[in-house]
Every structure is written in structure tokens, then in C-alpha cells.
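Both of the next two complexes hold chain A, though its partner changes from chain B to chain C.
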Partner chain A sequence: MLFNSLSFVVFLILVLGLYYSKLFNWTNKKRMLLLASYVFYGLWNPPLVLLLWISTIVDYTAGNKLAKETHKSKRKFWLTLSLIVNLGFLGFFKYGNFLLENFVALLNSIGIDFQAQPMDIILPMGISFYTFQTMSYTIDMYKGKMKPARTFLDFALYVTFFPQLVAGPIVRATDLITQFYEEKKATVEQFIWGLFLLTIGLFQKVVLADTLLSETSDTVFSSNELLHGVDAWVGTIAFSGQIFFDFAGYSTCAIGIALMLGIILPDNFRYPYASIGFSDLWRRWHITLSTWLRDYLYIPLGGNRHGITKMYAALMITMLLGGLWHGAAWTFMVWGGLHGSYLILERIQKRYIPFKVNAYNGIFLALLTFSCVNITWVFFRARSFEKAWNMITSMFYMQADGTKILGTFEILKVTSLIAIMFLCHWLMRNSSLKALAKNTPSWVLGIAWALMFFLIVISQGSGEQFIYFQF
Partner chain B sequence: MKLKQSLFIGIILSLFGLVSWESYWRSQGLMPNLDDNKNLWANQRTQLDKDHSNMVVFIGSSRILYDIQLDVWQDLTQTKPIMLATQGASPIPVFRDLVNNTDFSGTLVVGITPPLFFSTTFPEASPIKRSQTLVDHYHNRTYTQIINHKLSVPLQTNLAFIRDGDESWDSDVDLKTLLSHIHIGNRGPKQGPPFYNFEEIDLNRHMKMPEYVTNDTTYANTIKKVWTSILTNGDRPPPDKESTTAAFLELAEKFKARGGNLILLRCPSSGLFLEVETKGFPRDSFWDELVEKTGVKGYHYADYPQFQNLFLPEWSHLATEDARFFTRELIQIMEKDNALIP
Partner chain C sequence: MDLRKSLILAIIISSLSLILWECYWRTKPEYYTAYLEDDRNLWSEQRAKVDHLTSDDVILIGASRTGYNFNTHIWEEIQGVKPIHLSANGKPPGPFLEDIVNNTDFNGTIVMGIVPLMVFRSPNHPRSVTARQWVAHYYNRTYAQKLGFALSKPLQRHLVMLSSSELKSYNNLDLKSLINTISFTENRVEDNEFKLVNIGYNDEDRNLIMFPRLTENPFYQKEITDVWNSFLPNLPDYSEDTEKIAFESIDHLHQLIKKFKARGGRLVLVRHKVEAEWYVHSSRAMPREKVWDKFVDIVDCPNYHFEDYEFMSKHTLPEWSHMNAQDAKTYTQDFVNKLIQDKHLTKKIN
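And then the complex of A and B:
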């Protein structure tokens, strides 16, 4: 089920009605939320709920065993079992076709004529999110960082909680399971703020991403022609805006919906396009994934504990795998590789040519970072290296007579929106939406709220899927 | 932060904005209207998975969709008509789905619009892709999509600004479509003339030509302008008679082999459409050859005197009254010919 759909409106009203009715005690409310979460997921493809159940049962059992078991090898066994099940699901459903294609290509390249039957595997929505979430539980249990979930219901709800099930934020068990132990009820202020966040999230998704930016990006990236530089840049910045509003929109909706239930989810974005440098970017973009990768991949790989060369290697491996997490294609690996390279270059710069960031050079550095981010988005969005390379050549004006496929109004629309987005990120980079709302007169907030709602309704989003659902 | 106050102001202003928006569009002559879309098509396709012993299925392009009036058909033949024609598309993907994925073996009427039927079998070409998209949607749609459609119907039928069309010709008034009509200068692809909506469809895909097209020549002329720009566009690829005929014959043989009653129908056209079709798709080498190779009954409107002076406001589809007459007469012709007995 999509947040931007009529069925979700009805679903949410029903869930909130039952949640705040006096029909149920807290345990039954949690059961209702769990059931609602399965319905939320199952209405897309019912049999795939089985994967959620398997993941839940295996990780709950592994967690309980890890809590009691003191024998080292047995502890390793339970952790390994959890990792094999979760990574096995990911490997089969997400990377099965990719591995097969590359295996066939490898055999063909060494002269073995082999053709495989395509496996035609369906990618379960949100599998990368919930598998990472449950793995964090068993890894933390293995490390003795937390206590096991008190009940199976609490754990199952942690894995399946519908607001963040299919596209995050990827919440750590310590942050979410414990919230299920005591009865939760949003205050009136929390409920209204949650509703406001839901409106902002939908506005980002339906109006900004789908209505104002997606078509430009789709037109440019689906074109087979060599494009004029302006068109290539506009298509790329349109995608950078689209993916931000799409994904941040989802996260904002998720945080808002959870808050309406009295549950607090962590921030996932903090004005990332005003980042100064790539370390800053990854502290602001998809925060729950970058911290996951830091804690469960980069640090176990050695982090910065074993010298500079190993640190760079750990950084690069983390970013390459982070790229692959987004999709089973080499273009995503290049995207990750570019981010890894940027991070390494930034560390070299800080070591050998350090300088102070101040109010004057900050915005230029942010703009430089944003431009470099845009180059990485080309590889993220292009479906082939050929297309990505064509885009890069056009963007750097190596393509003299490129085709002009965008109209003047479209160019103006995208460039103005992206300029406004960049400036907003810059002005808000050390602040928060809540702080801004606190300092805004209530009538101004009311007008902004009405305007966003009005634009959402007249945009009539026809249930466009969120981009990150495919990851 | 006084959030209650903000919420109250937000609700009042939102209501005011939406009522104004609805009033504005009604003042512009827009009335609540269902759009022909993939969900309506899929609902009809679902019927074939039930008991289809007393059903007649129609596939083809928009002509058969407009020209066969389903209520007339049901009243006169006492059979349930299932309309699976797809606008601006070839019937081949739908025929393939029907043959391969159903056990339907009743009467199937295939509307032949030569420029679309004989266009291509290339999967990425719009006449094929458009039909295939509908077929794929039917097979892949989720429960959520089914519920969303059911929930959207009361909104579409009561609010003028709520539209749910899949195609550019649906004249939607959503923000994205409205913005797409704004152009500055000549940069980018050449813009064609505006394509205004001319459909009035119900949940069973019973399509009628709206009265505002039949009665308003100026409106009808805007659609003729669009046809002219398409028909006189020199970039159109030549027809691919061989591959389209071969693909159709293969499916026709399978369908006939399981006892299906296949009928071909050439609906009327006039003006520039007829001119282009006569020149580009001569009857003897396209229609006659197809009917002969298929070995089934075929009905060409030009063979019947009563179909010579029908009113097609925009050259390609019958006005509603004429469509009702066409349906009535066609049933009589087919019944006389024993064509409707499987």
C-alpha cells in the first residue's frame, strides 16, 4: 500500500480509529497494529508476507538463543543462521538475476557457450530495509549490546511496523522495541504535528517529486539521443530533486504517521543538499542507512583503527556495497565507488590542504558538493553505462550539437525549483523543521498547510510508487 | 506553536480552495466524468475469468469502442457484451491474452482499424505497447490498486476536477497536465495541436460520443486538427502487413480450433481518415485479404447502403445516435447471416 493512495487514507483512518478506541488494551492494540501491518504489506502481494514471517521467526529465535547462550561457537551459529537467512533472501530475490547474468557473461567471455533461463524473480517490496533492520537486532544481541525483545509480539511489530516497513527509516531495535513495552498515545500536539509531517511528506512526494520533477528526469534519462548540455544538466538536477523529495517525503510521512500513534522514529534526512563535503553529506542523507553501514560494515572492516590505507579500503568497500544495496547493477556500484572516492579525496584534502569553512566560502563549497553529487546521480539513474557516459559527455559540453528535448518552461520550472530547494537546505542546514514551525505564526503555518494540501489534491497523484521501494 | 489553530486555519482554507477549484472547472464547462483507463479495462477482462457462456467479446481500437453500443447489443441479442477494445492501439496483444490465458470460445468480434491493425508487431511501438500495458496491468494489478480504483470512482463521478485518465488525450486537469500545456518559445520537441477529451464512458466501458462534440462543430474541428497532424506526419513508419497478418492468423487458428466464433468488423470512417485509409490500406490487399486468409465472416461498413451516410463528427467515430443505429443494423445483418451462433 502506498501512502499516496486513497486506500491508505481509509486504512489509516481505520487504524487510528481502532488504536484510539477503548476497545483494546495495549497488548491487543499492538496485535491490531501487527495485523494492520501485514494487511498493509500483503495487499501488494500476499504470499510475500511469508518472507516477513520467516525473517521474524528466525531472528526472534536467534535473539533469544543469543541472550541465553554463552558458548562461543553456538553464539556464532545463531548469528550466522540469522545472517544467512536474511542475506540469503536478499541474495536470491534481489541479486539472483544479476548474479546469473554476470555468471553467464563470465562464462561467455572465456569462450564457454552457456545460456541460462531467466529466473523471473519478483523483488519483494522493502526487502533491503526489513532485512537490514532485523539483522541489526541479532548483531546487537551477539555483541551483547541489548536485551532480547520481551515478547514475540514486540519483536514481530518491530520488524513489521507499517509506517517504516517498506522504505525505512531503518530503525535499531533499541530505539523501537522498547517503545512497544509501555502503552503509547500521542498527545494532541504530537498528533497534529504528525499530521503536519504527513502532509509535508505527501507534498514532497506527490507535488514536488512526481508532478514537478519526474517527467523531466524520465524524458532525459529515457532518451536515446545525445543531448544538449543544458538538457543533460536539467534532467540530472531534476532527478536529484526527485529522488530527494521522493525518499525524504516517504521518511517524513513515516515519521509523521508513527508520531500520530505516539511512536517516535529517527530522522532520516537533514537538508543533505547543503552538505559541505561528503562526510557531511552522509551524516545528512539516508542517515539510518549510513549509520547502519558505519556500525555493521565499516567499523567491523577495521574502520580507522588500522592505518590510513586500510581505512581507505574499508571506506571504499563500504560505499561499493552501499551502492549495491540500492540495486543489482554495476551502475549502482559505480555510484558507490564515486562516493567512496569523494570521501577518500576529502580525507586527503583535510590531511594535506586543510582550510576553515566560514560563512563566505561555505555556500560555494556546498554548491560544489551538490554538483559532485549530481554527477553521481547520473550513474544511479541511468540504466546502462552507455547512457551514463552519454549524459556525462553532454553535461561537460563534449557533445557539440546535442538534441534539445526540453522546452524552455520545463527548464525554468526545474532550475527554479532546484535553486529554491538548495537555498532552503542552506538556510535550514543548522536548524530543524520543528524549530522553524515554532518561530512561525500559527496563521502562516495554517496557510502553508492549506496550500500544500490543496496542491496535493489537485495534483491527483495516481499512486506513483516511491523510488526507494525498489531497493 | 499553536498547532490546533494552524490545523483549523488549514482545514478552512483547504476546503475553500477545493470548492473554488471545483467551481472554476464547472464554470469552464467541465463536468464529473469517468475516464477510460486501465482499471476499467481490467474490470471487463475479469469477466472472462467467470462463467462466460453467454458473453460476446469485442476487441479492436477506439472505433469499435464508440460504434458498438453495449446496451443495444445486450437488449437485442440477450448476450452480455464485454468491451476490451483499446483506444489508439492494435488488438493483437489483447487477442493473444484472450487465446493464451482464457478458455473463452464464444463469439469474438474484432474491430479492424487499418492504420492501427496493420501498423506493427514491434513490442515497443505505441499501438502494441498501449494494449500490452492494459493486459499487463490486468495480470499484475495488486489488491491495493483494485481498492484504489473502487474508491476513486465515487470521486470521479461527483467532482469535475478529479480525473484518472492514462492517456494524453484524456484532458485531465491535474496540476502536472495543466503545467504541461505551458510553453515558452520553440525550444524542445514540436508541439502538436491540443487534444481535447471526447469520451463519455461508464463502468462497463460503454462509450458514447458526448453531445458537445456532436453539436459543436468547432469542438469537433479541434479533434480533426489532431487527426490531420497525425495523418499528415511524414515520419509515420509504413504498415507492416506481413507480420501483423501472420501474428493475427496464428491466434485466429488457435481460437477457431477450440470452437471460437471469430468475426471481423470494419467500422466506418470519413473525411481525411477515409482518404488516407483508402490510399494507404487499399481494401482488396488489406481487408479482403485478411478476411480471406482468416476464413471467418467479415463485415465492412461500405458493403451496406444503410451505413453510407452515418455521422462521424471527427471522421473516425460515430455520433451516439448513429452508433445505436449502426449496432442495431449490424446485429440484424449478423443474425441474418447466422454469424452470432457459435
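And then the complex of A and C:
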């Protein structure tokens, strides 16, 4: 089910009605939330709920065993079982065809004539998110960082909690399971703020991403022409805006919906396009994934504990795998590789040519970071290296007579919107929406809220899927 | 900040704005009416019925002319069988025929409207791709999508402001379409956009119904014929390339039709009337003797060309291409009677 659909509106009203009714005690409310979460997921493809159940049972069992078991090899066995099941699901459903294609290409390249039928595999929505979430539980249990979930119900709800099930934020067990132990009820202020966040999230998705930006980005990235530089840049910045509003919109909706239930989810975005440098970017973009990768991949790979070369290698491996997490294609690996390179270059710069960031150079550095990020988005969005390379060629004016495909108004629309987005991120980079709202008169907030709602309704979103659902 | 005050204010302002928005569009009844939009969801609901049809049943496929010119209610009155309307505005019928032949056991009658320019061309044309997406939607639609569509029905039936079609009509009322009507006179690229305003609406059996404004008022007729005039003269003349693509397409259809006939199915081909520039340029781009006549010879099916029958050509088409609602009723009545007379249909009522 999509947040930007009429069926979700009805679903949410029903869930909230049952949640705040006096029909259930806290345990039964959790059961209701769990059932609602399975309905939320199952209305997309019912049989795939089975994967959620398997993941839940395996990780709950592994967690309990890890809590009691002291024998090292047995502890390793339970951790390995959890990793095999979760990564196995991910490997089969997400990377099955990719691995097969590359295996065939490898055989063909060494002269062995082999062809394989592509496997008809459905990618279960949100599989990358919930497998990472459940793996964090067993890994933390293995490391003795947390106690096991008190009940199976608490754990199942942690795995399946519908607001963040299919596209995050990826929540750590310590942050979410413990919230299920005591009865939760949003205060009136929390409930209204949650509703406000839901409106902002939908506004970002339906109006900004789908209505104002997606068409330009789709036009440019689906063109087979060698484009004029302006068109290539405008298409790329349109995508950078689209993916931010799409994904941040989802996260904001998720945080808002959870808050309406009295559950607090962590921030996933903090004005990332005003980042100064790439370490800053990854503290602001998809925060729950970047911290997951830091804690469960980069640090176990050695982090910065074994010298500079190993640190660079760990960084690069982490970012390459981070790229692959987003999709089963080499273009995603390049995207990750570019981010890895940026991070390494930034560390080299800080080591050999350090300088102080101040109010004057900050915005230029942010703009430079944003421009470099845009280059990575080309590989993220393009469906082939050929297309990506054509785009890069056009963006750097390496071919003179590129085709113009975007109209003047379209260019003006996208550039204005992206400029406003960038300035908003810059002005808000050390602040928060909550702080801004606190300093805003109620009537101004009310008008802004009404305007967003009005625009969401007249956009008549056709229920476009969120981009990150495919990851 | 008082969030409660903000919420109350937001509810009041947004409600008033939406009421005003709805009222404004209701002042333009010549262009807008509240109805259940003919999109891939409504098509899929009709498509689902095919799995339960018998050999006595009828399916209509084709593009907008089949949609506007045939009325299933009149058809039922005459024959006693209500056809399933699987025609689709702006989309060729090939992918739908392919779906019925390859994915169902249907062995009744298919009446297929042929617009040569649309049917005898590359299967990779965007309109064919969209038609295949509709078919795919029928098979892949999720329970959430079905539920969402069911919930949207009462809203679509009652709110004019939800007028928006998948065809991207130039006067759609969704925000994206409204923004896309903005353009500068000094545009950096040539504006080749097909700016056709919606010429009709549909009932829930997917019969297309022309807006009354087009029947009598030359101003509104010209609004549409100007658009036809903007692209019809640019259609390429019939050439070897056209012939090659057309006959690849004919060959593909022939295979499907053979398979359908082999299991007892009956196919009737229809070439609906066109007028004026539509007639001139479509005859130039795909002359009847070079394509239609050869096609009907190859596939060997009962066929009806508007030039051969007075009842098919007697109506005046307000915008050269489609019939108005009243003429569609007469045309359907005449057509069904002719099919019964020619023994291609059996009357199921007295």
C-alpha cells in the first residue's frame, strides 16, 4: 500500500480509530498494529508476507539463543544462520538475475558458449530495508549490545511496523522494540505534529517530486539523443530534487504516522543538499542507512583503526556495497564508487590542504558538494553506462551540437525549484523543522498547511510508487 | 506556535479553497463533467469479465472511434447481448486482441475497429506500448490498487475537479497538466505538443460520449479540427517503409486471428467513417487498396468499410473523426442489424 493513495487514507483512519478506541488493552493494540502491518504489506502481494514471517521467526529465535548461549561456536552458528537467511533472501530476490547475467557474461568472455533463461523473480517491496533492520538485531545480540525482545509480539512488530516497513527509516532494535514495552499514546500536540509531518511528506512526494520534477527527469534520462549541456544538467538536477523529495517525503510520512501513534522514529534526512563535503553529506542523507553501514560494515572492516590505506579501502568497500544495496546493476556500483572516491579525496584534502569553513566560503562549498553529488546521480538514474556517459559528455560540454529537448518554461520551473530547495537547505542546515515551526505564527503555519493540502489534492496523484520501494 | 489553531485554520482554508476550486470548474460544463474516468483500472474491470464469457458473447476492441461510435446499451437492446467494451481511446487494438487470443479461451465474437494509421505500424510505437501496459496492469494490479480504485469511484462520480485522463488531454485538471499548459512564445525548442482538449466522457460500461458542445457549435468543432490540421498534413506519404511495417503488423495479426478462428472464434473488422482532412490524409498515408483491402483478403474475416455501406457513412462527424452521442446510437442500431442480417450475430431476443 502506498502512503499517497486513497486506500492508505482509509487504512490509517481505521488503524488510528482502533488504536485510540477503548476496545483493546496495550497487548491487543500491538496485535492490531501487527495485523494491520501485514495487511499493509500483503495488499501489495500476499504471498510475500511469508518472507517477513520467516525473517521474523529466524531472527527472533537467533536472538533468544544468542542471549542464552555462551559457547562461542554456537553463538557464531546462530549469527551465521540469521545472516544467511537474510542475505540469502536479499541475494536471491534482489541479485539473482544480476548474478546470473554476470556469470553468463563471464563464461562467454572466456569462450564458453552458455546461455541462461532469466529467472522470473519478483522483488519483494522493501526487502533491503527490513533485512537490514532484522540483521542489526541479531548482530547487536551477538555483540551483547542489547537484551532480546521481551516477547515475540514486540519483535514481530519491530520487523513489520507499517510506517517504516518498506522504505525506512531503518530503525535499530534498541530504538524501537523498547518503545513497544510500555503503552504508547500520542499527546494532542504530537498527534497534530505527526499529521503536519504526514502532510509535508505527501507534499514533497506528490507535488514536488511527482508533479513538478519527475517528468523533466524522465524526459532527459529516457532520451536516446546526445543532449545539449543545459538539458543534461536540468534533467540531472531535476532527478536530484525528485529523489530527495520522494525519499525524504516517504521518511517524513513514516515519522509523522508513527508519531500519531505515539512512536518516535529517528530522522533520516537533515537538509543534505546544504552539506559541506561528503562526510557531512552522509551525516545528512539517508542517515539510518549510512549509520547502519558505518556500524555493521565500515567499523568491522577496520574503520580508521589500521592506518590510512586500510581506512581508504574500508571506505571504498563500504560505499561500493552501499551502492549495490540500492540496486542490482553496475551503475549503482559506480555511484557508490564515486561517493567512496569523494570521501577519500575529502580526507586527503583535510590532511594535506586543510582550511577553515566560514560563512563566506560555506555556501560555495555546499554548492560544489551539491554539484559533485549531481554527477553521481547520473549513474544512479541512468539505465546503462552508455546513457550515463552520454549525459556526462553533455554536462561537460564535450560535444558541441547537443539536442535541445526541454522547453524554456520547463527549464525555468526546474532551476527555480532546485534553487529554492538548495537555499532552504542552506538556511535550515543548522536548524530543524520543529524549531522553525515554533518560531512561526500559528496563522502562517495554518495557511502553509492548507496550501500544501490543497496542492496535494489538486495534484490528483496517480499513486506513483516511491523510488526507494525498488531498493 | 499553537498547533491546534494552525490545524483548525488549515482545515477551514483548505476546505474553502477546494469548494471554490470545484465550483469554478463546474461553471464550465461544456468542457467538464463529473464521471468515472476511463483509465486502466476501469478497463481492467471490464477485461476481468472476459474470463466468464460464452461463445454467444461479443467483445468490442478498437480505438476512440469504436469507443464513440458503438454504444453497448443500444447493442444490447437490438441483439440481446451486451458487449464488453475493451476499446481504448488513443490505443491500437492489437495488444488487446493478442491478450484475448493468447491468454483466454474466449470463442465468441470480437468486433475490431481498425484505424489503419494506428493498427498497421510498429509494435514499439508508444501507443502500442501503453496498450500493452494496460494489459499488464490487468494481470499485475495489486489488491491495494483495486481497493484504491473502488474508493475513488464515488469521488470521481461527483467531483468535476478530478477530471483528468491518462491520455493527457490538454484541458485535464490535475496540477501537472495545468502547469504544462504554461509555455513561452519564445521557446528554445519547437512546441510539437499535441494539444487536444477532451472531446467527451464515458459511462461506466466504457462507452465514450461526445460532449454536446461539439455537435452544434462550429467554434468548438474548429478547436478540435485545428489540432487535426496541425499534424495530419505532416503524415508521411505511403512508401516502401510504410508497407514493410504495415505487412509485418498484418502478419502478426493474421497469426492471432488464425488461432482465434481455429478455436471457433469469430472476428468482424470495421473501418469507421472519417471525413475531410482525416479522410484526405489517412487515404494518402495508407491508401485503402494498398493496406485495408489486402489485410481483409489475408485474414479472411467479415469486414465493413464505411465507403461500402450507406448506413456507415450517412452521419456527419462534428470534428471529422468521431460520432456524436445521438448518431452513435443510430449507427450502433444499424450496424448490429446488419451483422444479424449477414448472420455474423444471432439475435438473442425477440
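Everything below uses one rule, namely that the second predicted complex is superposed on the first by the 471 of 471 C-alpha atoms of A that agree within 3 Å, B and C clash if a C-alpha of one lies under 4 Å from a C-alpha of the other, contacts with A are read in each partner's own complex, and residues count from 1 in each chain.
The rule is simple: a contact is a pair of C-beta atoms (placed from the backbone, for glycine too) under 8 Å apart; a residue touches a chain by one contact, two chains touch by 3 or more.
Remember, predicted model here, so these are calculated numbers, not experimental data.
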| item | value |
| --- | --- |
| Three-chain arrangement built on chain A, chain B and chain C clash or fit | clash |
| Partner chain in contact with A:A62 - chain B first, chain C second, else both or neither | neither |
| Which of chain B and chain C A:I243 touches, first, second, both or neither | neither |
| Partner chain in contact with A:L198 - chain B first, chain C second, else both or neither | neither |
| Partner chain in contact with A:V188 - chain B first, chain C second, else both or neither | both |
| Touching partner for A:V10 - first (chain B), second (chain C), both, neither | both |
| Contacts on chain A seen with chain B and repeated with chain C across the two complexes | 1-2, 5-7, 10, 42-46, 188-189, 192-193, 195-196, 207, 210-212, 215, 404-409, 411, 413, 437-438, 442-443, 445-447, 449-451, 453-455, 457-460, 463 |
| Sites on chain A touched by chain C in the complex | 1-2, 5-7, 10, 42-46, 188-189, 192-193, 195-196, 207, 210-212, 215, 404-409, 411, 413, 437-443, 445-447, 449-451, 453-455, 457-460, 463 |
| Contacting residues of chain B [partner chain A, same complex] | 1-14, 17-18, 21, 142-145, 147-148, 151-152, 155, 161-164, 172, 174-176, 179-180, 182-185, 187-189 |
| Complex contacts: residues of chain C adjacent to chain A | 1-14, 17-18, 21, 142-145, 147-148, 151-152, 155, 161-162, 164, 173-176, 178-180, 182-184, 186-189, 191 |
| Partner chain B, residues of chain A touching it in the complex | 1-2, 5-7, 10, 42-46, 188-189, 192-193, 195-196, 207, 210-212, 215, 404-413, 437-438, 442-443, 445-447, 449-451, 453-455, 457-460, 462-463 |
